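See structure below.
Chain lettering (A, B and C) follows the sequence in which the chains are written, and residue indices restart at 1 in each chain.
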Amino acid sequence: MSAQYKLVHCTINGKEVEKMVDVRASLTDMLRNDYHLTSVKKGCEVGECGACNVLINGEAFNSCIYLAVWAEGKDIRTLEGLLSPDGELSDIQKAFVEETAIQCGFCTPGFIMTAVEILETGKLYTDEELRKLLSGHLCRCTGYENIFRAVKKTMYRRHGKAIDF
Amino acid sequence: MNKVGKSEVRVDAFDKASGRTKYYEDRVPAGALYVRIKHAEIAHGMVKSVDTAAAEAIPGVVKVLTCFDVPDLPFPTAGHPWSMDPGHQDVADRHLLNRHVRYWGDDVAVVIAENEVAANQGVRALKVEYEALPFVLDVQEAMKDGAPLLHEEYPNNILKHTSSRLGNYEAAIKEPGLIKVEDWYDTPTVQHCHIENHGCFAWEENGRIVVVASTQIPHIIRRVVAQALGRPWGDVEIIKPYIGGGFGNKQDALYEPLCAWCCTQVGGRCVRLDCAREETFVSNRVRHAIRYHIVTWLKSDGTIHARKVECFSNQGAYASHGHSVVAKGMGSFPQHYPCPNMECDSYTVYTNRPTAGAMRGYGMPQASFADECNIEDCARALGMDSYEFRKKNVMEQGYHDGFSGNTNYYDTYRQCMAKAAEYIDFERKKKEFANDAGDVRRGIGMATFWYNTAVYPISLETSSNRMSLNLDGTVTFQCGETEIGQGADTAYAQMVAEVLGLKSYRDVHVVSCQDTDITPTGLGAYASRQTYVAGFSIQQTAGLLKEKILKYAQEVTRQAPGNMDIVDGEIVRKGDGMVLMPLSELAMTAQYNPVHSEHITAESTYTIRNNAYSFGCTIAEVEVDIPMCRVTVKNIVNVHDCGRLINPALAAAQVHGGMSMAIGYGLSEQLIFDEKTGKPLNGNLLDYKLSTFMDHPHLEAEFIENTEPTSPFGTKALGEPPACSGAPAIRNAILNATGVAINHNPINPHVLFAEFTKAGLIHDDWREEEK
Amino acid sequence: MYDMKALYEASSVEEAVALRVAHPEAQIIAGGSDVLVQMREGRRAGKELISIYGIDALRGVSLDAEEALRIGSLTSFSHITRDPLIQKYCNVLGEAVDQVGSPQIRNIGTIGGNTCNGVTSADSASTLHAYEAIVELTGQNGVRRLPIKDFYIKAGQVDIKPDEIQTAILIPKASWENTFGHYIKYGLRNAMEIATLGCSVNVRLSADKRTIERCRIAYGVAGPVPMRCPSAEAAANGAAPSKALAERFARAVIDDINPRDSWRASKAFRQHIAVEMAKRALTRAVELAGGEMA
């Protein structure tokens, strides 16, 4: 017989945690309901909008279609984890603020986490590559224009390069 | 002015960037019951019975309610201000749950359960018996005698028909030598696709009902919930937290009334009703699909002599915003390209499609598409350059509309077109692209629009706000015009800081969350009015607050109020600029004065009896791969005259979003229905083709800042205008590239395949072999 | 919260096979990007699931003893695209699966799931058919291998026995050696898209690059299951690469494919773009192989 609940240990935003989790739960359910990480948004629940995106072992996943029990032993990061202990925004978050890349804010957490994955590869992508890497998120407010600028600007900054939009 | 006109950071940016911002679902209390809706699986018919036994037997199911249980209180849903004139009130044509099913997806029953899984299982376990009726999806079909009737009170399904006449069209077209350009133009059903779905939760508190909702219009929702439940308006409290976009869908009472009612049926326990994305597509609101028939009569000198415009608006199943949408679009024709003889008619027609309501642009993206396609075709019929034709015929400087009181104070259209043309290098590209003859051809096209900023004089236009001086010299600001992502709160902060003389817009604390128990009554976020209408009341209330501050300052400083001012958060003497005291000191003194204590606040309402034209244009450059039936937008620019910009960076961001929506409208977005069953086929984000990050070029937003004289801040509409002219500009660019005029959007590969085949640009020899 | 009756997790192939035998009604879930979506929409609601996502032994790409490319069934699309062996020997497969859905879907989606779905629109399917891939299945009685064309039975149905799971996909050396391919996905937008049609072409040129020694072409969505085009291949095999050949080759596709009318696209439209795609994919494949379309 399978159990209804299972103990899931994992690392969330740098902290080792464990909780009994309903095996039917998605990772979105677990992060929002059990860990109160409400930056993880629900926009479609079928992996099409990207609002629930989080990093699992450094890669971006739509947590809505990822079973919570699969989080066992994984390193999970959400937007909440990017703020420094003294409340400073990280460079990519600052870039979203500076470039007016945020409007309603609902797609923002997912986008920023994908941007983190992109930036952590340490590569300098072309515009076309960057657009493709960001294409797993839908946004109705921004036309993606300023989000593109925010990510590109941060990528260039990390490479110590001047940017030409 | 030094606080407005600056690209300040949004007041909510930090929280949104850090993930702290709370939307409705982030506030649902643990233990709330889940409400799930059983949606009809026929397009038209009567519910004969609902067998609830199996659902009720599911562990966790608390209650099942059906269309036979709801109060017989039809209610309207449109987010319009209440009208004291019964003839101008919105049509009340739906119940909380409906026995007469009028579209595939109509609300038939609900299951309330302790958890999500039980609620879903409950809905699947309901057995609904229907008496199916014939259905109709098309407007022209619905208007025919004998067509299936949706609402008995509306023969031929016509919700409303209005007309406007200018000159004498019939006489005018008899003039010899006129060139006639006639066609039909068709626009699709599209959806708003805000990334946060609509949802709400409700509970009873001290005998009243509290609803927290993802809405644009909390005060209007309060009224509609009360109407739907048959309760006094004061019994309802609506709280609006941050919302993840609205674009007009949430300018309607969606499921707040049903959620509130469900709460009352389970003893006032907290219930939550969360729309799934599929429900957002089908069972919320959509944009009206409007079909136009335009006949334009041209003189050989390149002027427009007479024009007939017929508009047929597909309302779907329920009235919602109804006729006002197509009427707004119809009203644009006589003013956009004025001509002496016009005959305009518009019809709003019920069909068995999802209900159409407000959506960014409110009838103008549709009208713009038809108008600007026809205008382009007129220029071609004359053998004239379409840019020249537009310059010759578009609304002139000084044009005045007696009804709205609008005046075109500047030669804005020509300024906008010139700026766009310069940015994109229009003339050179037009010449260069004319030589393209291969499989892949480039083209460039233009379209213009105008847009009314607010709703005066059609509806009440009012704005209220409250300002409280805090003890540290900052000001807390509240108003009913909501932040929905567009940046209204930041614009308010800048305007308040400006007129009060505060040091920074950061010294204004905008209460972003509206609560109808606390927030001054306002109408919410709709039209493109927030900044414009709030400007009037901000100026007025700030004047009152300032008067009180200086009056108190008189007690302390012994200076005459008229001789003092507030500059950068300090009270100064006008004559020599001497700083008398900081506002914080004044506030503390006033509050804690043992003899005369005063909490300095001001609140006022301003009834706006002005409106303002907002103008703009799009130029789009496309590449058309003819064999692949594919259009790529290579370059696109919007130029807007929305008066003075309060926050240029936020304004540009608004334009980007509207341009994106317009590109989708032009090329890819469309809700599709099965002709055989009336079932929507693509109500999800995979099959409904919203533009992705890879479907846009750089979006260029530019402005002509002609000060709007009626606005205290010189500003006017920008929220909706960017969605208006993009689609026809793309259509005209495709025409320029290929010579093929396509009169219905979205111009997707299927449409291109059919049109290119018809035009002989595509020739599949095997299809003839098959024949 | 998903409406599932029970979840069984396997951490090894043996466990998975045992669970298959013990729970014959249960559905296998790999990455879940299809199964969970179907469960949510009610199609698979209330079902038992056997999760094989935790079987790390099924991840990764290697060359086996016969120098076949061996792709573990749970290898994600993004890992396939980034894999050096794939890039070196069968880059077109990496490019094809780099067009699945979105970056996040490519991180969760697996090549095993993509093929076991049995759907014709799978972005990996046409390339796997065009490379005559071998599907490896493991059950109680050990390993069974079969050509991918036999693995697909009909729309939505593949040849997996009740005790089996798919454990690898192999691309034989004979398929990848000295072979260059190109995949074109036709969709209505450039990301987050299900293929209206997918076309994968690969060629092996003679040493002087003047002759197409072997050409293979396969489509997704041109019929109920992914399919090869024998007439088109016959037209190209042994021919000199040229624009005229590309036209002939593409035209021949019409004799092989059998797309249907659906609300997503008409048969006529799919036929039209199939021809155009064949032409463009062949041209690009020849270029990649160092040839020229004279």
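Following the convention adopted for this analysis, contacts are C-beta pairs under 8 Å (C-beta built on N, C-alpha and C of every residue); 3 or more make two chains touch, one makes a residue touch a chain.
Everything numeric in this text was worked out from a predicted model, so none of it was measured.
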(request) Name whichever of B-C and A-B has more C-beta pairs touching across its two chains. (result) A-B
(request) Find the most central chain, measuring centrality by the gap between its CA centroid and the centroid of all protein CA atoms shown. (result) B
(message) Taking the mean of the CA coordinates per chain, how far is chain A from chain B in Å?
(response) 29
(message) What's the distance between the Cα centroids of chain B and chain C, rounded to whole Å?
(response) 43
(request) Please list all residues of chain B that touch 2 or more other chains. (result) 117, 685-686, 691-694
(request) Would you pick out the residues of chain A that each touch at least 2 other chains? (result) 24, 45-46, 48, 132, 134-135, 137-138
(message) Quick check on chain C: which residues sit in contact with 2+ other chains?
(response) 1-3, 190-192
(request) Would you pull the chain B residues touching chain A in the complex into a rising list? (result) 7, 9-10, 12-23, 25-26, 117, 192-197, 242-245, 247, 276-277, 484-487, 649-650, 652-654, 656-661, 684-686, 690-694, 696, 698-699
(request) Give every residue of chain C touching chain B within the complex, in rising order. (result) 1-3, 42, 45-46, 186, 188-194, 196, 251, 254, 263-266, 268-269, 271-273, 275-276
(request) Can you check the complex and tell me which residues of chain A touch chain C? (result) 1-2, 22-26, 29, 45-48, 50, 53, 59-62, 65-67, 69-70, 72, 114, 132-138
(message) Touching residues of chain A toward chain B in the complex: what are they?
(response) 24, 37-39, 41-46, 48-49, 51, 78-80, 82-83, 89, 93-94, 96-98, 100, 102-109, 112, 131-132, 134-135, 137-148
(message) For a test of understanding, state which residues of chain B touch chain C in their complex under the given definition.
(response) 115-117, 120-121, 124, 627-629, 668, 672, 674, 681-682, 685-687, 689, 691-695, 748-750, 753, 762, 764, 766-767
